[in-house]
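A short worksheet on the structure shown next.
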Amino acid sequence: MPDMLTKEDVTAHIIAAKKSAGMTWEGIADSIGMSPVWTHSAAMGMNAMPMDKAEALASLLNLPNGAAEVLAESPTKVWTQSVPTDPCIYRFYEIVGVYGPTLKALIQEKFGDGIMSAIDFDMTVERVENPKGDRVEVKMSGKYLGYNSW
Amino acid sequence: MPDMLTKEDVTAHIIAAKKSAGMTWEGIADSIGMSPVWTHSAAMGMNAMPMDKAEALASLLNLPNGAAEVLAESPTKVWTQSVPTDPCIYRFYEIVGVYGPTLKALIQEKFGDGIMSAIDFDMTVERVENPKGDRVEVKMSGKYLGYNSW
Amino acid sequence: MPDMLTKEDVTAHIIAAKKSAGMTWEGIADSIGMSPVWTHSAAMGMNAMPMDKAEALASLLNLPNGAAEVLAESPTKVWTQSVPTDPCIYRFYEIVGVYGPTLKALIQEKFGDGIMSAIDFDMTVERVENPKGDRVEVKMSGKYLGYNSW
Amino acid sequence: MPDMLTKEDVTAHIIAAKKSAGMTWEGIADSIGMSPVWTHSAAMGMNAMPMDKAEALASLLNLPNGAAEVLAESPTKVWTQSVPTDPCIYRFYEIVGVYGPTLKALIQEKFGDGIMSAIDFDMTVERVENPKGDRVEVKMSGKYLGYNSW
Amino acid sequence: MPDMLTKEDVTAHIIAAKKSAGMTWEGIADSIGMSPVWTHSAAMGMNAMPMDKAEALASLLNLPNGAAEVLAESPTKVWTQSVPTDPCIYRFYEIVGVYGPTLKALIQEKFGDGIMSAIDFDMTVERVENPKGDRVEVKMSGKYLGYNSW
Amino acid sequence: MPDMLTKEDVTAHIIAAKKSAGMTWEGIADSIGMSPVWTHSAAMGMNAMPMDKAEALASLLNLPNGAAEVLAESPTKVWTQSVPTDPCIYRFYEIVGVYGPTLKALIQEKFGDGIMSAIDFDMTVERVENPKGDRVEVKMSGKYLGYNSW
Amino acid sequence: MPDMLTKEDVTAHIIAAKKSAGMTWEGIADSIGMSPVWTHSAAMGMNAMPMDKAEALASLLNLPNGAAEVLAESPTKVWTQSVPTDPCIYRFYEIVGVYGPTLKALIQEKFGDGIMSAIDFDMTVERVENPKGDRVEVKMSGKYLGYNSW
Amino acid sequence: MPDMLTKEDVTAHIIAAKKSAGMTWEGIADSIGMSPVWTHSAAMGMNAMPMDKAEALASLLNLPNGAAEVLAESPTKVWTQSVPTDPCIYRFYEIVGVYGPTLKALIQEKFGDGIMSAIDFDMTVERVENPKGDRVEVKMSGKYLGYNSW
Amino acid sequence: MPDMLTKEDVTAHIIAAKKSAGMTWEGIADSIGMSPVWTHSAAMGMNAMPMDKAEALASLLNLPNGAAEVLAESPTKVWTQSVPTDPCIYRFYEIVGVYGPTLKALIQEKFGDGIMSAIDFDMTVERVENPKGDRVEVKMSGKYLGYNSW
Amino acid sequence: MPDMLTKEDVTAHIIAAKKSAGMTWEGIADSIGMSPVWTHSAAMGMNAMPMDKAEALASLLNLPNGAAEVLAESPTKVWTQSVPTDPCIYRFYEIVGVYGPTLKALIQEKFGDGIMSAIDFDMTVERVENPKGDRVEVKMSGKYLGYNSW
């Protein structure tokens, strides 16, 4: 088979380079002028990078030739656990299970018959100080898409 | 079998009363002094109401005798679709699939080895105006819980 | 439990009325000025009807009181067979299995990194005459949605 | 084990050659006088190529010896995700879930008791300009097959 | 809900009538001039009957009003066990598991790249005497359908 | 680990040898005096060959040392797709889903309470000419096995 | 729907009658001259009774009219838990998981390429005294069936 | 990674040695003074061997250094098919499905509320001559374990 | 069907009686001289009660005639969610997923090749005060069972 | 791909070093001043080690360079069997299935509407002597987390 760099290869190079450079995802994201959520996701092969950002990342982390092109390709988004087992990820799955019908009811009450887009979408993760224990704050924003009648 | 009011019965009464009263979830939540997300979730039988809130809801919607007690009981939270089919709910499942590892990586970068609690947790859903199309904004806040070493 | 008309009830009334009136889905759709695909789907409880169309349908088929309101509600779209068994529906599932990566590759070649919306979406089904045997022609049209970078 | 070129090998060679030649699927399809959907699908190992087309593709992309024979073999069509996770492919799965019973009802209304063939079948994907956002248009055409009575 | 005869109702009536009349499936099939396999399948709600055969069956077994119309409707073919448990049915599932690739290879060797239709299809079940123990002989015949290139 | 020839290795050798010899399964089967269905199935590692047939096949295709012994071993019959995806194989799965209860009912009507053996079993695949399109004819024959009472 | 006694009804009648008569399965089996395993299984609707045994059971337990005919019908054997949860049944499932390949290897060593029939089959359950704790002894006997070559 | 002999490696060595020595499982079991079922199962890595038996087996079959220690380790018992496909193993699964409730009922009738242990357990497989065809006889013996009340 | 009290009926009666009497599970358990874990479990139909305890419970809660006999019957232990969704139960499932191999390794280190019985088993749940937040303490005790060699 | 030490590699090194040193998990845990449960779990890659403990373990077992850093990383906790097959682990799964609702009921009775944390959690495994057979005692302790109302 021809020898081609894959998204998995590039992810492995990024992780190794990040580790040896002692950088954080936040630091990497800042360096290329993008958000940490999006930057990590693209580095994991779950989003495509615009070419200039891909080149900035390749240059920052000294990735091998061809890595920028691979980062710019549209990924096939695959996850193999339909119910995630890692506790940190499972809790978000649980929130969808418990509050899914609530999210739906309130979106429809505020907007009409439609959904929140997961494509025209962005997200942040923040640490919020709190005397009873700091809190994780996740903010999701997606364009409202109304169903068609035709 | 003895004749007892179930959580499903109470939910059906709430939906019928809400419809005939022409109320919104936001209006109901305001009336009992709680948030819309939590109020809807408790009305669906996915959260337990403190007794005073249960009584306020029962009184507001003229629910049958015993409904407040039922609303105050701890629910067994069950969902039968491990992958939800409704598009509005599925998009949130998809976000967990695509961004789950990212949420985990950033929580660990900001806090250490741990998770966001789905129990000491709250959430809001807002409509944010936007000239390119209004956006759904979902904000989740959960206490950070660090893993134990022992 | 309170006695409320459900989407399932209204669907059953529509089917019974259609049968006794000897109408077709195409005829019903024409009468309310909508397309057959959308009309059938809404009648099955898989789409919400604008109130005027719901009332037109209720009047056309002499549906019981409250049916129009129910037709106008946002449905929860549920299917229980993750792989459909009916041969006529399975063949479409098979097409998605066989050609899914092809649809993805060509959408990305023509548009960039994104998807075809299943929400801002419409569809037609036509019979096309052909000397070797008439053909079913299904035309789907959905708005292109490009992924965000942020 | 004997050393044989597999469909997976040939697909990898095609992708590498397409990338280094800077070609599109549409351009490749034109060069061999076939449609883009079918050409991509056969290149992915999901359809068998007539020998002349296989040779044309092998010659166009300078594929290794034996590739044309492999492209001409009947593939075993396998997909491992019964519910696809990639959002671009999932939306088509969702359309089958939501509109499957509608497709069935209208095919039967227009033709009788039968199905649309997924074998004697062709498909196109087009970009249609639209001031509110360009649209993806997918056209499927399959021979109607009526059930036997015997 | 309106009171309508379903396919399940008609099947139950057929079974009850067959039992009280002491008839066999072969006898019923002969009476309406069709084969036993097809007749049983249609009686179970897995095939649609042409109207004249439906009326013949309704008359033979004195089925309730409306039964013939129901027998003539296109069924939605549903089975809920993706792997059947009944030993008599499981053995056929096992044959498909063990010999599926063999059936595929020989169909392609004899016909080319295509399949045996399960729609333009008929089947018989016979008892064949054999000194070592009588044998069940199942004969399936389906039209060959070749894949399209386009 | 010790270096041993596996059933998978032998299958790969058979496929390679068949291809370079330009033989058909029917031709191979004839050469060793067995049927095409059984020969293909044993070559795929889904049936064990009597030693003389294994040696005949090894000699015909010039298989490596030890191949005959491996062909004569009892295989462990494994399939990993409980619902097959390849359309040619799926159609047989579909036939079992649609006609399984019918096969059971007619076997019991003709024989009593029992099953068709899938072990004392044989099968043929034939091409039958037909002016409306040639047909695939599959004939299965299995010994009737009656349930025990004890 | 016509009012017919089902296998489930007859099972419920048997359990109620057994309880009010204070009988054991062993006692019931003795009374009709059959083994306890087979008698319980047929009473649960998992085996068909010869007519004389069905009548003996119906008479012994004073079952309603038509029960003997129902007991004599061929059952459709269905279980809904592919992995049983009840600990007493699960342990047998576990034995099949752990020792399945061993059972296969020894059957093939002693008999050749074939299986133990689960149709021409009988089984006993005995209590065997043992100073370290009495033991359950299950004895299964099934006819050896050798695979065909053809 | 460090180079360590695994249970899979030792199993492969045993199979290769048994084959080249032309031994049977029964012969191997006799040589080490244990039963064939247990010996095969331990050789497959599904049971741990006492050290003296492990050494006897290693010496008998001339297994590589360290093999005895590996045979003596507690295995993790894993099977990946929750429903086995091999016909010889499936028949035992089928017996558990059909007769599971019967085994449970008779164990409880003879012993009380409890189960047969699958840990303090032994099993034999025998060939029993029979003029109508020899039979496989499987005898399982497990300690009765009664449920606790506390 | 005969009218019989089921385990589900008795559970419903217990829950209703407990609620109207304002009792706790701990109080009920004390009254009958058993532990809360076992008492709740038996009340839910997941354990069988010795007859005297069943009668004590029936008398304490004024259960209907026949309830004690039903409480004393061996239950069939069924759970339908192979992965539980309720967060309180899921956390225990997660502990088994994360720490299962650890529990196994330590049991084997301390005892040898064997398991902890889930039959000869008892459990307590306690509240333990803690200045950083009270803790749930669950203590499980099960008899060690060593694997047999034979 | 870059050459990096993974958690799987480190686990393999630990197991090999433990074996050649003849140590126990208890001994290793003592040496680094932590509990056996946590130490084993972290060694298996299911918990992250504080850096000083990671270095202590690396030094004790002479692990390769970089191993301590890997032991200190947050793991992604994955298990692939949603129902474990190993009997020693399955019994704990069974306990969750049988006693899950009981654990939930008693936690809620003692604490209110909430759960036991699986994150702020610790566990011990002990051998308790008993004349009827020694017992495994597992003690779990997790912080109570109460649900939020907001």
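Points worth noting:
Chains here go by letter, A, B, C, D, E, F, G, H, I and J, matching the order in which they are written, and residues are numbered from 1 within each.
The rule is short, and it goes like this: a residue touches a chain if its C-beta (ideal position, glycine included) is under 8 Å from a C-beta of that chain, and two chains touch if they have at least 3 such contacts.
Just so we're clear, the structure is a prediction, and the values are computed from it rather than from any experiment.
Graph distance from chain D to chain J, where chains that touch are one step apart, equals 2.
Minimum number of contact steps separating chain D from chain E: 1. Using CA-based centroids throughout, the chain positioned farthest away from chain J is E. Each chain gets one centre point, the mean of its Cα atoms, and the points for chain B and chain I are 30 Å apart. If each chain is reduced to the centroid of its CA atoms, chain C and chain D end up 24 Å from each other. Distance from the chain B centre to the chain E centre is 48 Å, each centre being the mean of its Cα atoms.
Looking at chain H, one finds that residues 37, 76-77, 79, 82-83, 85-87, 94, 97-98, 101, 104, 108, 114-115, 117-121 touch two or more other chains. Contacting chain pairs (ordered by label): A-B, A-C, A-D, A-I, A-J, B-C, B-D, B-I, B-J, C-D, C-E, C-F, D-E, D-F, E-F, E-G, E-H, F-G, F-H, G-H, G-I, G-J, H-I, H-J, I-J. Touching chain G in their complex are the following residues of chain J: 83, 85, 87, 90, 94, 97-98. Listing the residues of chain C that touch chain E in their complex gives 8-9, 12-13, 15-17, 19, 81, 83, 85-87. Per the touch definition, chain I reaches chain J in the complex via residues 24-26, 36-37, 40-41, 44, 46, 77, 79, 82-84, 86-89, 91-111, 114-118, 120-121, 123, 125-128, 130, 132-144. The touching residues of chain C, when paired with chain A in their complex, are 34-35, 37-38, 47-50, 53, 74, 76, 101, 104, 108, 112-115, 117, 119-122, 145-150.
Of all residues in chain B, only 1-2, 4, 76-79, 82, 118-119 touch chain I in the complex they form.
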